[in-house]
Every structure is written in C-alpha cells, then in structure tokens.
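Both of the next two complexes hold chain A, though its partner changes from chain B to chain C.
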Partner chain A sequence: MDVMWEALLLVARPDVLLTILAASTLGIVIGAIPGLTAVMGVALLVPITFFMDPVPAIAAIAALAAMAIFSGDIPGALLRIPGTPASAAYVDDAFAMTRAGRPERGLGLSLGSALIGGVIGVLLLMFAAPLLARFATNFSSVEYFWLALLGLSCAAIVSTGSALKGVLSLIFGLFVAFIGIDEVAGQPRFTFGSFELMGGVSFIPAMIGMFALTEILRNATRNAPKPEAPRMGPVFAGLGSTLVRRWRNVLRGGLTGSLVGALPGAGADIAAWVSYAIAKRRSRTPEKFGTGHDEGLIEAGASNNAALSSAWVPTLVFGIPGDSITAIVIGVLYLKGLEPGPIIFVKTPELIYAIFLSFLLANLLLLPLGWAVIRLARHLLRVPQAYLMPIVLCACIVGSFAINNSPFGVGIMLAFGVIGWLFEENGIPVAPAILGIVLGAMLEFNFVTSMLKSKGDLMTFVERPIAAGLGLVVLLLWAAPVLRALRSRT
Partner chain B sequence: MTLIQKMLTGVALACLPAGAALADYPDRPVTILVPWGAGGGTDTIIRIFATGFEEAMGQPINVVNRDGGSGVVGHMAIAQARPDGYTLGACTPEITYFKSIGLADLTPEKFTLISRLALIPAGITVAQDSPYADLPALVEAVKSEPAGHFQSSGSGIGGTWHMATAGFLKALGEPVDKIDFIPSKGGAPALQDMVSGGLNMFTGSPVEAKALADAGEVRILGIMSDERSDAFPDVPTLKESGVEFALSNWFSLCAPAGLPEEVTAKLAEAAREAHGAAVVQDALAQRGITPYFDGPEEFSTFAAGFADEAGTLLGELGLVN
Partner chain C sequence: MMKFNDRVIGILAILGGIAIISGTFGFREAPGQQFGSGFFPRIVGAAAMLAGLVQVLAARDRGPWIRIAPELRSRDAFLKLGVLAAVVFWLLTVQMLGFLLTTTLVALALSVAMGARPLPATGVAAGLSALLWLVFGMVLRVPLPRGLIEGLMSWT
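Up next is the complex of A and B:
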C-alpha cells in the first residue's frame, strides 16, 4: 500500500491535476469537432508533453484520449458525422434519437456508458497489469518474438475493412521498420547515406503526419456542408434509470471492450463494433437496432471507453501497443526513460500506479466536462474548418520539429502525411502500418537474438512452454481464415 | 524604428563576425546534445551536470536527446554543429571506435574534447537462481566450461559492455569470444532476458542492475573498477579475485572540432566549477556513478589511448572493418 500512497502523492499535485484538467478540456473539444480525432489529438499533444515530468505527461495523454473518444459521439449524434472512428458503430441510433427531438437522450446515454465503461477498463488495467507483469518476467526474447508476431497478425486480421488491405498497410509499416542501422550487425539499411536516417524513421513525426496531416488533407479535399445542430434538453433526466435497466449492456460492453482493447492491434473502434454486434445478437428486439434504440448505443459506448484503458495493459507490460494511441504512448514512454516491460513494475511501481490513478481521475472528470460539452456542442460544431485546419497544421509542424530540434522531423511528418492520405483515400487502414513500424523492429530483433543464442537452432522457438503456447495461438490465428474459407466451400 | 530598419539591424547583427561576440561568450542559452535516450546513464549524468553548469555559465542549458542509430545520429549532430560554443555534446566511448567498426566517419579528432565528467564501471551480474554463488565460482566456471556455455549481454555488439566481456576473458587468458555476447537494446531488456532464463550473465553496470538486485531478482557478483564503489560496498572488484581487469564506461563534455581556444578554456573552467559543486557530486554519487574530471589535455591523451586499446580488443573480436 506504500506504493499506492506514493503514487497518490505523485498525482495529487497542483501541476499534475491542472495538466489533467487542461488535457481533458482539450480532448473533449477535439473529439467534439468533426475531423479532429482522438489519435490526432494525442499525436499533437506529444511534443508538448516533451517538456513535462513523466506522470503529468502520461496522464495528459490518457485524459485527452478518454475525453475525445466520448465526445466523438457528439457530432455523431447531432450531425451523423462520427467525431472519431470509435463512435461510428452506433451513430445511426444516436442520430435517430436526435431526429426524434431527443438529442440529449442519446448523448446522455453515451456519457453515462462511457463513464462506467471507462472505469471498468481502468480497474481491469490496475489489477491485471501488475499480475501480468509478474508473469511476464518469465518472457525471454523467444516469447517476445511470438508476442510481436501475434500483435502483427492481429493488426492485419482484426483491422477494420478488408484483411488484404490490412496486410498491405502492415507490410508498408514493416518496410519502414527496416530503415536505419540494424542493431545486431551494425549495417545501415535504406539510409541513402543520411546520418539522420541511420536512427530510423523518427516515430512521433511519422505519427503526427499519418494522423493529423492526413486529416487536414482530407478536409481540404472535401466540401463539408455547414452543420446546424438542434437544441438540447436536460442531459441527466431519466439517464440513471435507463442505465440501471440496461445494466447488462453496460457491464457486458465494459468487459468486452476491456478484452478487445487488451489485444494488441485492436483498439476502441473495433471494440465498439464487436460490442454493438453482441448487443444486437443478445437483444430481444434486434430489429430496433439502428432506429434510435438504446441497447447497442449503451453497450458499444461503454465498450470503446473500456478498450481505451485496457489497451494500456500490453503496452506497459510488454511494450506492445494495444491500439494506435498506445503506439504513440510507447514512443513517449521511451522519451521519458520509462522503458515499457515488466521491469518498470519492479523499478518504479509508484509511477505506474500514478498513471493508473490519473487514468481513473480522467474518467471521473468525464461527468462534469461531458455535461458541459453537451451543453456547448452547438457552438463547437459551428467553428469553421477554414480557421481550424491552419492551426492544426501549425501544431503539426512545430510538434514534429520539437521532438529532435531538427527540420528532418518536419520532412518525415510531411512525407507520412501524404502517404497516410493516399492510404485513406484508397480504403487502406493506417493502424496496421503504425503497429508494423513499432512491432517490426521488435520482431526482427528478438528473432535474430534468439537465433544467436540457440546458434541457429529453430527448435528454440518452441522449446519453452510459454513460447510453444504463444506459437500455437499465432498458428491458429493464421489458420482461421483458411479453415473458414474451406468450410464455406464444402 | 520602422519595421524595415528593425529588419536591417537584425540582418546586420546576424552577419557580425563570430569573433566580436566571443568577448561576452556565452550571451545566450547553450544546448547539450545527448546521443542516447532519456533516462539512460548519459542522459542522467548530463542532466545532473547541467544543473551546476547552468549556474557556472550564467545561461540556461538545454539538454536535448538525439538518440538512435547506435549513437551515430547524436554524435554526428554534435560533430556537424557550428563550433561556436552554443552547441555542446555528451561524447561517450563510441567516438573512439565508430570508424574502426565501420559505422560512421567519426573519430576523437572530429570533436573538441573538454573533459570526462563521470565513470560507470562494468560489472558481473547473474540471476538469483544462478548456480554461481560468488565471483571466484563464476571465474572458475568461465575457465572450465566450454566456449558458448556463457551468454552475456548489456549493450549492442561492440558496445562498452561487450568490451567488458571481452576484456574480462582476455585477463583470464581465455579467447575473447569464449562468452557469447548477445546484443541488446540497453541494460533493462538484457536484465529482463537474464531474469527470464534467456541469458546466464550480464556484464553491464551494477548501477543498471541495482533495482532488480534490491528486488531479489538478480545478484551482483563483481564490479570492474579499481576499488570498491561506495554505492555497492559489498560488491568485490575483479582484482580481489585476482583478475587484473577494470573497465568503465565514460561520459564526457565535448563540442564540435575547431572550437576557438578562448571558448574551450572558458568551457573547461565553467565545467570544472560546475562539476565540483556539492549538488552535482552528491547527486552522481547517490546513483553509484563515479564523478571524474580531467580537463581538455588529459582527456585527449586518454581518448587516444582508449582508442588504441579498444581497437585491439575489437580487432580480436573480429569486428574491425
């Protein structure tokens, strides 16, 4: 309990609390504005966290993401434009409520379920991560190899849209991971003689490009109609009783979201779709889904916020990101000298618990801030894109410069922005590429060092029981689509 | 002043020859580039030193991490910076052998060496459940077991901890590659791999192993310094077991080559003052890091000698291109 107390002292400081509040406010505004997503907000926040201590830095990211995922429901409900992809699953239901003259009902349910789902996810994170970390001290390079492969496989197969395009995106990410000095043989690869490229493609500028610049380009090429939002009634009226009546949905959404989120590569958006589908299958009135029904909205709304928290489990324990946001977080953890892995749970447990506590705090802040943003939503939706996008572009440039104090970062950002835009325009998901960049290097390094240790004997990958188990899971994952295809043919 | 006049004045100021500004050097903030990641040994040392250095220089000091590419990116950025005394760096032993292992065209001559600031000795650490109770038992086993029985890590191939492994073997009169050196991305992942049973030895520094030793996961058997460290009073040196070998990773203050002499002198003076400050000394010693200061001449001589020794060891390891 000493650790908990120390962690509490780390969080209960005016600067940390103010940071959480400021990041939450920023997050809730970013999510509410169509075109600004949670991942983009996080990518742009990173250069600012650069100047902070570890705890406020990580807390700021956690708070911003939790808020933005919720408030992405607002433009979804009012205009049928999901603010973040995670809100897309139930946008029809929420919008139908708005058209029925009750916009506050859909938004209230989103808020309530997001709050409860978020807390479920955080609790799971607090209890599961340290236990898993104890277990993870048994993991050597062999197990890490399988874990990285598992993450990559999930990223391609579970991604939204076609698996083929997911694999394409993944392969691009793996190629990017090749660039730089190969740390085992000391050979530069694809560096074209540039010493800047010897360090590899700097991850955070690449991320800012792929998530923020891409969005700017897309907005520039699209003519959005001027949105007009309806008036709001009281948000909390009848909310409690509905949530109590639908407790099954809230709980199931929270748990499903936590599990999906903890899978490497599957984040809040996939969790929301999965939960929506489960709610529909389990419902007594599946025909009402999509017409302003509350079950799917509640379940998926709880699920996406739960997934957001539990995505931090594999991130902190293994250094394997659970989604695009935590992929960025890994970069920040390294910048702050907090190498993710079971060792930080031994070395600085108080920092880890401080991060958990600020996570919990951020989720609780959803209540007041969420209420305020619902009241203000009409005005936020009227901010013209012509003012907004140049500001975001400036933030992109400054941010990608600040990471290394080098214009090279800006170049990386611009290049990846254009690549990301080409991806999106052709329906290729960006998330697998990001995971490819993060996990590709890890996969290769652990493969090569394992081979060095075993002197070239491939049996080393299945000799240890945990490794063999992980290997089996990966093979099953690969075999699943093939088996399904075979079965459907007969 | 009109805007045009202001701009012209600005241009004129920018064009003033550097010499004119030297008299009042430093008159703006100074940047120190750290070629390694945040939170690592070099970063910690430079950040501690910067607190004292800020006062001695009378200007704010920005510590900037430029890591990646096995240290090449950051060291290259230091060497290519303008030698005006406003961009300094934290050079590490790699500058003496980047070129000989064919990684980059970087040698000590590409830098103005100001002084070494601190040393971190290598050590020998094993997992808690390792069969070797103490240093003599381990030394005996290294001699008697066949080549490849021991697998060690702590840094990349050719890194300082790799040289610690090779130098230790050489002092025992064994082939320098009798212990397999498996590259790792630093101390923490190497220790993690050892705790999980993937490796049976860690030749990084006891400073890196301390948290896990306190948690009862690993045991520090020996330290590769001339005398016992105050931070690890119970850990014997290799010399106590009759192995005549010591190796420390060193961390220095450096600048691009061609720094004006007055600036070098001013920097060396300020660095000496900052380094001697009680806050800096205490903060370093607390972390098990040995404060060390030798100044420009002595450091340059040392670097040349270190380059020779490292060249020989790396040659025997077959890493010289």
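Up next is the complex of A and C:
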C-alpha cells in the first residue's frame, strides 16, 4: 500500500497533472482530424517528452494515445473516414447512424464503450503486469531469446494483410537493427562508412518518418474533399440505458481487447476487428451489422481502448512491445535509463504504479474531453489540409532534429518516410518492421549471451522448462500456417 | 497509387538478401566466439532470399512491373515530390539561413502548393516556426541552427 501512496504522490503533482491534461487535449484533437493518427501523435510527442522526467513523459504518451484512439471514431462516424486504423472496423455502423440523423448516438456509444473498455484494460494491466513480473524475475537470457522470437513471430503472423509481406517487413526491420556497432564484438556493421550510423539508426526519427511523414505524403493532394459535418444532438441522452442493455458487448469487448492487446505485435486495430467479428457471430441479429447497429460498435469500441492499455503488459514486463505505440514507448524508456523488464517492478515499483494511475486518470478524462470534442467536431473537421500538413511536416523536422541535435536525424526521418510510404502503397504492413527494429537487437544480444554462457552448447535453449515451453509455442506458431496450407490442399 | 508487381517485390527481397550476406564477409571473427557479428545478419539475409523466392513463385499478379495510378501522374505527384524536396531544402539551407527563416519557407511553400492563399499562409508559417523555435529552442534548449533572423534578435 505504501507503494500505491508513493505512486499517488508522483502523479498528484501539478506539473504531472497539467502534462496529462495537455497531452490528452492534444491527443483528442489529433485523433479527431482525419489524416492524423494516434501513432503519429505519439511519434511527434516523443521529442518533447525527451526533456521531461520519466513519469510525466510516459503519462503524456499514454494519455495522448488513449484519447486519440477514441476520437479517431469522430471523423469515421461523421465522414466515413476513420481517423485512426483502429476505428475502421465499425465505421459503417457509426456512419449509418449519422446518415439517419443521429450522429451523437454513434459517438456517444463510442465514448461510453471506450471509457469502460479502457478502464477494463487498465485494471487488467495493474493486476497482470506485477504478477507476470514476479514470475519473470528468474528469466535468463535464454527465456528472453525465446520471448523476442515469439514477439517477432506474432508480429509477422498477426499483422494485417498478406503474412508473407508481414515477414518481408519484419526482415527489413531486423536488417535496420543490425546497422551500427555490434556491441559484443565491437564490429561496425552496414554503416557504409558513415560515422553517424556507428551508433545505429536513431529510432525516434525513424518512427517519425514512418508514421508522420508517410501520412503527409498520403495526404498531400490539392483536391482534398471539403467535409460538411452535421449538427449534434445531446450526447448523453439514452446512452446509459443502451450501455446497460448491451453490458455483455461492453464486457466481452473489454476482455477480448485486453487479451489481444497483450499479445506482442497485435494492437488496437486488430483487437477492434476481432471484437467486431465476435459481436457479429454472437448477435441475434447479425444481418443488421454494418447498417447502423449498436452491438458491433460498442464491442469493438470497448475492445480497441482496452487493447491500448493491455499492450503495455508485455512492454513493461518483458520489454516486448505489444503494438507500434508501445514499440515507441520502449525507445523512450531506454532513453530515460529505464530498461523495461521485471527489474523495474522490483527496483522502482512506485514508478510503475504511477504510470498505471496516470493511465486510469487519462481514461477517466475521456468523459469530459470526449464530450467537448464531440461538440467541437464540426469545426475540427474543417481545418484545411493546406495548413495542417505543413504544420505536421515542420513538427516532424524539428522533432527529428531535437533527438540528437543533429540534421542527420532529419535525413533518417526522410529516408524512413519514403520507405514507409512505399510499404503502404504496396500492401506491406509497417508494424512488423517496427517490432523487428526493436526486437532484433534483443534477440541477437540474448542469443549471443546465452551462447557465451553455455560455451556454444545449443541445448541450453531447451534445458530449462519455461524456455522449452516458450520454444514449443514458437514452433507451433510457425507450424500453424504450414499445416493450414497443407490441409487446404487435400 | 505507386504499386510494384508482387514479383518485383520478391526480386528486390532476394537482391537485398544477397547484399546483406555479401556485406557480412568483411566482418572480422571474434576470437573464442562461435557465432560472430556475421551470424545473425547471414540468417536474416537467407530469410530475405527465401521469403523473396516464395513471393516470386506465389505471385499471381500478371500486371506490369510498376503501376502508377492516374492521380499520381497529375500534379499530386509533384506535390508529393515537393514534400520530399522541402525536407531536402531544409537540410541544405538551415545552417546558412537559420531555423526560423528556413522553417517558415518550407511551411509556406507547402501551404501554397496545397492550395492555401499566400497571405494567410505566410502568417501561419511564420507563427508556426516562431512557436516551434520557442518550444524547442527556448524552453527545451535544443541548439537549433542560427541564421539571419536569430542573429538580429540576439543583437537587440
């Protein structure tokens, strides 16, 4: 209980609370504007958090992401343009409600389910992460090797679209992770004689390129449609009774989202699709889905916010990111000198609980801020792209510069922006590449360390029971697509 | 938009894999270590070649090697190239012109190219670069490149 109290003191400081409020406001605006995504907001926020203490820095990221994932529903409901990919699953239902003259109904349901789903996700995070961390304290490099491999395998298999293209994306990420000096042997790799690349590809500029510059390239067009958003009725009218009547959907969405989010590599987007599909299968009226029905909207809306929180479970406990946002968080944690892993639960538990509390706070802030943004949505949607995109571009440039105080970061941002854009144009998912960059170094380091400890005996990877179990899971994951292909042939 | 044939993606992956593996041969061996610096890159290179090969064989895409959608042949293509050129321009001139002027020019050019009217666009661009300079340069103490305008300001 002392830890909880200490954590509360860490969060209840005016600067931390103000930071959370500011980041939440920023997040809710970013999500509501078409073309600005949650991951992009996080990538652009990082250069600022770089200069903060750990608790406000992490709290700002958590708050921004939670808000942006909810408010991504707004352009989806009003214009049928999902503000973030996680809103795409139920965009048809929300838009149908708008066309029927009740835009506030769809948005109110999104808000209510996002709030409850988010709280379920945070509670699961608070409960599961410390338990897992206690279990993980006796993991050695062998277990971490398998965990990293598990994360990479999930990233490729669970990603949206063709699994093969997911693998190609992953391989690209692994290659990027090799760039720089090999820590164990002191050998520079793939630096092309560049002094700046000796320390490796700077992660945050690369993320800004892949998630923000890519988005500018996609939105750089002269003939952007001029959206006309409808007027809103009262947001909360009849909302409570609908959510009570659909409590099964809210609860199931929150729990499914938490589970999917906790898988490495599967984030809020996938959670929303999975939950929408479950809601449809379990519904008495599946034929109504996509025509302005509330069940799928509620279940998937709760699911994506829950996934956002639970993605932090593998991130904080094992250092294995749950999705693209937490991949960026891992980069931030290292910058702050906080190596993610069970050790931080033991050494600085108050820090972890402070992060959890700020998560909870951010999710509760959804209610007032969400209401405000729904009322203001008409105006936000009309911000002209011709002003918005230059603002984002300049934020990309200065943010990439600020990480190392060097124009080289801007060059990295440019290169990864072009690569990310080409990836997207060709249906190659970006998320596996990000996880490849983060996990590649971890995979190799733990492999080499294990080999040095065991003097080159490969059996060390299956000698300990947990390691053997994890290895078996990885093998099953790899075998599954092959077995499915064989079965479909016979 | 700008889509490569699935076979081309596979061929690029194979070539990338070959490049990665050939890049590892210059690495010196670490004494007493079975798995040196080249071990993992070689696995990844081999995986790239294998995945590329499967991609080539499994591709059912019989279209041309590169497809460019009609909207990309229009002015939007120049706009997208313009975004990239703006970043390159920033990199090349920021040391000379300083952060404030270069950033204003970049924002203004992109605004006008996307259809904004010049006068309000100038206001937004100048305000934006001043704000970024204030937040990053003054509050966060990032040493942003100094130039003409910054020189004038320190003078007063």
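Worth a mention:
By our rule, the second predicted complex is superposed on the first by the 487 of 490 C-alpha atoms of A that agree within 3 Å, B and C clash if a C-alpha of one lies under 4 Å from a C-alpha of the other, contacts with A are read in each partner's own complex, and residues count from 1 in each chain.
Rule of thumb we're sticking to: a contact is a pair of C-beta atoms (placed from the backbone, for glycine too) under 8 Å apart; a residue touches a chain by one contact, two chains touch by 3 or more.
Quantities reported herein were computed from a predicted structural model and do not represent experimental measurements.
Touch criterion met: A:L452 reaches chain B and chain C at once.
Of the two partner chains, neither chain B nor chain C is touched by A:L364. Of the two partner chains placed by the overlay, only chain B lies in contact with A:T137; chain C stays clear of it.
Once chain A of one complex is fitted onto chain A of the other, the partner contacts of A:A277 are absent, as it touches neither chain B nor chain C. In the superposition on chain A, A:A415 contacts neither chain B nor chain C. In the superposition on chain A, A:L164 makes contact with chain C only, while chain B stays out of contact range. Between chain B and chain C, the partner in contact with more residues of chain A is C.
Contact with both chain B and chain C is seen for A:V184 once the two complexes are overlaid on the shared chain. Using the contact criterion defined above for the overlaid structures, shared-chain residue A:N405 touches chain B and also reaches chain C. When the two complexes are superposed on chain A, the residues of chain A that touch both chain B and chain C are 184-185, 405, 452. Interface of chain A with chain C (complex): residues 47-48, 50-51, 164-165, 167-168, 171-172, 174-175, 178, 182, 184-185, 187, 189-190, 213, 216-217, 220-222, 224, 384-387, 389-391, 393-395, 397-398, 401-402, 405, 407, 410-411, 413-414, 417-418, 422, 425-426, 428, 443-444, 447-448, 451-452, 456.
Partner chain A is touched in their complex by these residues of chain B: 31, 37-40, 43, 64-70, 72-73, 76-77, 101-104, 148, 151, 156-158, 180, 182-186, 188-189, 191-193, 195-199, 211-212, 215, 217.
Taken in their complex, chain A has these residues touching chain B: 137-143, 180-181, 183-186, 188, 195-196, 198-200, 202, 334-339, 341-343, 346-347, 404-406, 445, 449, 452-453, 455, 464. The part of chain C that touches chain A in the complex is made up of residues 1-4, 9, 13, 16-17, 20, 23-24, 27-28, 30, 33-37, 40-41, 44, 47-48, 51-52, 54-55, 58, 71, 75-76, 79-80, 82-84, 86-88, 90-91, 94-95, 99, 103, 106-108, 110-111, 113-116, 121, 124-125, 128-129, 132, 135-136, 140-145.
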